[in-house]
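What follows is a pair of complexes built around subunit A, which joins subunit B in one and subunit C in the other.
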Partner chain A sequence: MRKYRTSYPISWRIMDVLEAAFASIWPKGGGKYTPYLMLAPAILLVGALVVGLLYIGDSSLRVLDRSTFLFSDHWTIENYKRAFSESFTLTVIWRSLLGAFIVTFFTLLLAFPYAYVMVRTSSSFLRKFLLIALFLPFFIGQVVRAYGWLIILGSQGIVNDALGLVGVEPIRLLFNYPAVLFGLIQYMLPFGVLMLAPAMTAIPEEVEAASGSLGANWIKTLWYVIIPMAKPGIIGAGLVVLTLSLTDFAMPAILGGGSQDFIANAIYDQFFRTSDQGFGSALTIILIGIGSMMVGLIFMVFGAGTLALGSEKK
Partner chain B sequence: MNTSRTQSVIFWTIVTLSILTLSAPTLVVLGASFTSGNIIDFPPDGFSLKWYGEILGEQDLREAFGRSLIVACICVLVSLPTGTLAGIALAKYRVRAGSAIQTYLLLPFTIPLIGSGIGLMLFFGQAGVLGNLWPIGIATAVINLPFMIWAVSSSAASLDPDLELAALSCGAGPVQTFFNVTLPAVTPGVITGSLLMFILSLNEFLVSLLLVDARIVTLPVQIYNSIRSIITPDLAAVSVVFIAVATIAIIALDKLVGLEIFLKSK
Partner chain C sequence: MSFDKKFNRRDLLKTSAAVGAAGVTTLAMPSVLRAAEPDKPSELIIRAWGGPWVEALKKGVSDPFTEKTGIRIKHDLTEDNEIQPKVWAAVAQNRTPPIHINWDTTTNATKSALRGVCEDLSDLSNIAGTTDLAKPVGVDGYPIVNTYGYVYVLAYRPSAFPDGAPKSYHDLLADKFQGRVAFYNDGIGFHFPAQVAGGGKLEDIPGNMAACWEFVEKMKAQNPLLGEDPDFVTWFQKGEIDAACTISTNALGAKKNGVDLAWTVPEEGAKFDTDGLWIPKGHSESDLYWAKEYINSALTKEAQQVWLDGLGLPGVVEGLTPPPGVPVPDPSYPTKPEDFDRLIRISGQVQVENESEWFSKFKQIMQG
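Up next, the complex of A and B:
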């Protein structure tokens, strides 16, 4: 009896029970359903989002009656007509789109050398330092970072205090369009670099040496070798930065001070200030539409880049 | 290497500029939290820890921080099993309609955050559960789920399927194979994913803002609301809490899986 115990430990017995339980609930030959069962919880979880989107779609088709504060029973496209005829919404959409493209351009411009240096450096200490400099702000969150910029750029902020010491009148650095764009660029930079870096790693160092030994200078190597080879990463990074800045809420709200609203801020105001859920929902659907159209367009022109879940090898 | 001098100079100028912009807000918040003055001033009025004493006494801030921690824990509890299973399934099996399922699971990333937030607000509102903390935890799990799936599936892709066959042929059942072979192989991914989920949920601002009411504000929302009134050093001291948590998370990530994992190409 004793010998049996030592040779058959308790953990094995537990495992036996588990295996038996598993075998009893799992039909023979059920193996082909395994992946779907494993995916089911995730599909359910994202389902909450899908149902939410259906609610948005439904309320976007109902108009608020201002006298009774009730929503219409029948569906109408009145909210969408209103969105595209009001100059306010068109201004906000234009401001967000333009901002997103400017931010993407400058973020990629800054992120490319960062990713390149980080991947190519031979010093592991430097690589670690660059990674930490990237992750720390990424992990700190948008509100705290925007708060830091308020301290630096505010009317009684560090920059203006420093200027005051040399006798310069305070300058209004905040609550304008460039301030919002600047805040967005520094917020997006870690996303950009982290999307670019794997693509950069995939480029063998030898091709640069080869290009150099064939007589290309560094600009030519960069333009004809590295950038084309890093293209999947550039597209991935560009898409992520473009859509995230197009739809951002916190930077326009905090650094724009209400005067530089993006679409997300307009949507928030419709829901929480004006309480016009119908019009807010219509704006949300329009934003989703613009975002998907841009993503689709870029996918069509450039391909999906590095944006793919799971493995493509099978 | 025959890297050109001009290239080094240009690249390093840009990188230095980037590092400065990335770290400036963090350093300034840190500095401001140690001021002894009543307003944030430059040059600082002197060094003191009085604002840290101050925030310990402020009940709303303490409670808001506690709520943020609860939300982040719920988020990890929900997303860890869900994302791990999905990540393994996507990496290991040939799934029928796989690309459709992938596109579906990427929805939280392709739908703008404000759209997801409003959608989940309406969803939980219809279910009549708004005003609790757990819907916020679930909401942050939904919107960040692709991170978890991505982290797990990229480490599951490197798992040799023969190992599992070997375990089975040595007499291990499917459950034992899963726990002793598959799961250990994806552990780096699970750790990376869970840490990301925890931090992103702790910091989540917009979705929190949409789902909270005045009684259950989370810390980022509390800071946002206070910023709009007046900038005082106690906010800087609270923000240092986020900086501290971020630092711990980075150290943990580095020790457990190594930050360099993010530089790996697929």
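Up next, the complex of A and C:
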């Protein structure tokens, strides 16, 4: 016999209370507007972000007067003109974009087999081990992890110590672009695996067995069966990793040795180092614009339906 | 009761003299002391830098102030440049600012002064006993009171310079220093010596800094590390670098941690700058009074001696004893007018008006 609590869950009871409260306030009911009212929390959440964005947009159109450190009363596109004419800004944008794509590529390359093994393995020990290895980094913040790499890869770090044992002189492994990308890939890997794992789980093992029984080797099965079926997960993971990498601050700041700034670092400098919130806001809008365009482009190429959002590619 | 009986001529003269003297004394007293002592707040919030910086402030200024007044001091360790927008927003919206006193770089504080968010500190009685260093350059009056100076020295590992201290920034261009030198990631402290090292003149700042950028280009070829204050200490400790343009406090800090380190002012000179204290507008009269009292107490010889012993920096009152480990006489710890001959001091206003461009140009060269 099923327990009452299971047959009538607590969430339903909450809904009953809310419905009763709603009925007491508005006895006639919302009618056709009820679904829209249900959207209110989401609209509030997004609305708060939009209001913030409007403020940033407004700031981006005001120029800082350095004799008073006040912003202009009128709107101007001066900050945007400066952003697209200043070679440093263009360098930083290009570095961030390139870095985001490289990190996404390698993260997916590593996350895919990890997720596959985690989902398919028959060994519960291995599955638990992979899960622990996946979740453990989430308990350690990005900054701490970056400092960990400083200890491991530094001139007097573990790697150089090991190289020293075979007679290799210490080499500079940190404070360069590859070090930043390496740190980002390590940071993004759990996100990639977490996004891919549900997609992998959704692929029935029988489909793979059928592919094999029809004569396909494992490469063909991977290419023609698993990857196409895991596409929603791959695209989702790619989107998450791409946008997070593009907007990252800590890894370029710590592992880049001050010489590998991403856009977020440039924004921080403008807001907090030179007190130019106008230019910082313009860079923020540019960053949001680039991120949104990339997401839009991916949807255009692969279709929103790829993410199982309920529609075919359009 | 007649007037004559109660007040004779002698009494009248005595009374007049007493009243007159009291009046003169009262007028001569700064207004901050003249005012009746208002109610004490339970605490004052002072923004400070963490680690040895806040420890030094606590020992030299905050603890004695609490002992004397009973007002608790809370140190807010938010970074100076991160508290700035919060303070500006609070003043603009007529809210009470999140801190009572900002311990700030003078350059950063100058921005707040130009924006008009600083209280006037001209009436602090102890300003009279300070040197010219206490007066911020490029702003009217005392919206900020400078409390000590510091020099962006050339710190070096003696073992990497067997022939003695580097004489010039040109010495760092040797092949063996490839990847072994460090600067601040925005070039602060290095722009002005680089102008000289590149063959330019300091008088041309800010109009023509081509010589500076030419020399920064040369230095870029050395693939230097770029960082912030804590990075320099770490890099010296970890053996990552042999030389760095950094403030002497960092060099002293690394030395105290057992790193074999020395520092010098090269022939190009070294940037001299100051830090100071200021009060944001928007506090109640009583809070303002006690915040001013705190700053006033920081300008006494006793407070300066203990505070700056912890920082290893020269103060703004005469007769302080240099702390152990600090090389004296030396321009890196300037105490005499001739020490300043080798130091470069550019007004805060010129710096804040141009630093964005300088930082951007430096970063473009170094990261391009």
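Observations, loosely collected:
To be clear about the criterion, the second predicted complex is superposed on the first by the 252 of 314 C-alpha atoms of A that agree within 3 Å, B and C clash if a C-alpha of one lies under 4 Å from a C-alpha of the other, contacts with A are read in each partner's own complex, and residues count from 1 in each chain.
In the analysis below, a contact is a pair of C-beta atoms (placed from the backbone, for glycine too) under 8 Å apart; a residue touches a chain by one contact, two chains touch by 3 or more.
The structure presented is a predicted model; accordingly, all values stated were derived computationally and were not measured.
Of the two partner chains, subunit C is the only one touched by A:S259; subunit B is not. When the shared chain is aligned, subunit B and subunit C each come close enough to touch A:F271. Using the contact criterion defined above for the overlaid structures, shared-chain residue A:T121 touches neither subunit B nor subunit C, since it reaches no partner.
Looking at the shared chain after the overlay, A:Y55 reaches subunit B, while subunit C stays out of its contact range.
When the two structures are aligned on the shared chain, A:F175 is found in touch with subunit C, with no touch to subunit B. Once the two complexes are laid over each other on the shared chain, residue contacts for A:G154 go to subunit B and to subunit C alike. Once chain A of one complex is fitted onto chain A of the other, the partner contacts of A:T76 are absent, as it touches neither subunit B nor subunit C.
Once the two complexes are overlaid on the shared chain, A:T91 sits against subunit C while remaining clear of subunit B. Applying the stated contact rule after C-alpha superposition, one finds that A:V143 touches subunit B and leaves subunit C untouched. Measured by the number of subunit A residues touched, the leading partner among subunit B and subunit C is B. Judged by the document's definition of touching, subunit A residues 150, 154, 156, 271 lie at the interface with subunit B and also at the interface with subunit C. Here subunit A touches subunit C in the complex through residues 66-70, 86-88, 91-92, 95, 150, 154-156, 172, 175, 257-261, 269-277, 279, going by the rule given at the top. Interface of subunit A with subunit B (complex): residues 15, 18-19, 22-23, 26, 34-36, 38-39, 41-43, 45-46, 48-53, 55-56, 59, 109-111, 113-114, 116-119, 127-128, 130-137, 139-152, 154, 156-158, 161-162, 185-186, 189-190, 194, 197-199, 201-202, 205, 208-209, 212, 217-218, 222, 243-244, 246-247, 249-250, 253-254, 263-264, 267-268, 271, 280-281, 284, 287-288, 291-292, 295, 306, 308-311, 313-314.
Those residues of subunit C that touch subunit A in the complex are listed here as 79, 81-82, 84-85, 111-112, 114-116, 179, 185-186, 225-228, 231, 234, 238-240, 352-353, 355-356, 359-361, 363-364, 366-368. Taken in their complex, subunit B has these residues touching subunit A: 1-4, 6-7, 10-12, 14-15, 17-19, 21-26, 28-29, 32, 39-43, 78-79, 81-83, 85-95, 98, 101-102, 104-108, 110-116, 118-123, 126, 138-139, 141-143, 145-146, 149-150, 153, 157, 173-176, 199, 202-206, 209-210, 220, 223-224, 227, 231, 235-236, 239, 242-243, 245-247, 249-250, 253-254, 259-260, 262-266.
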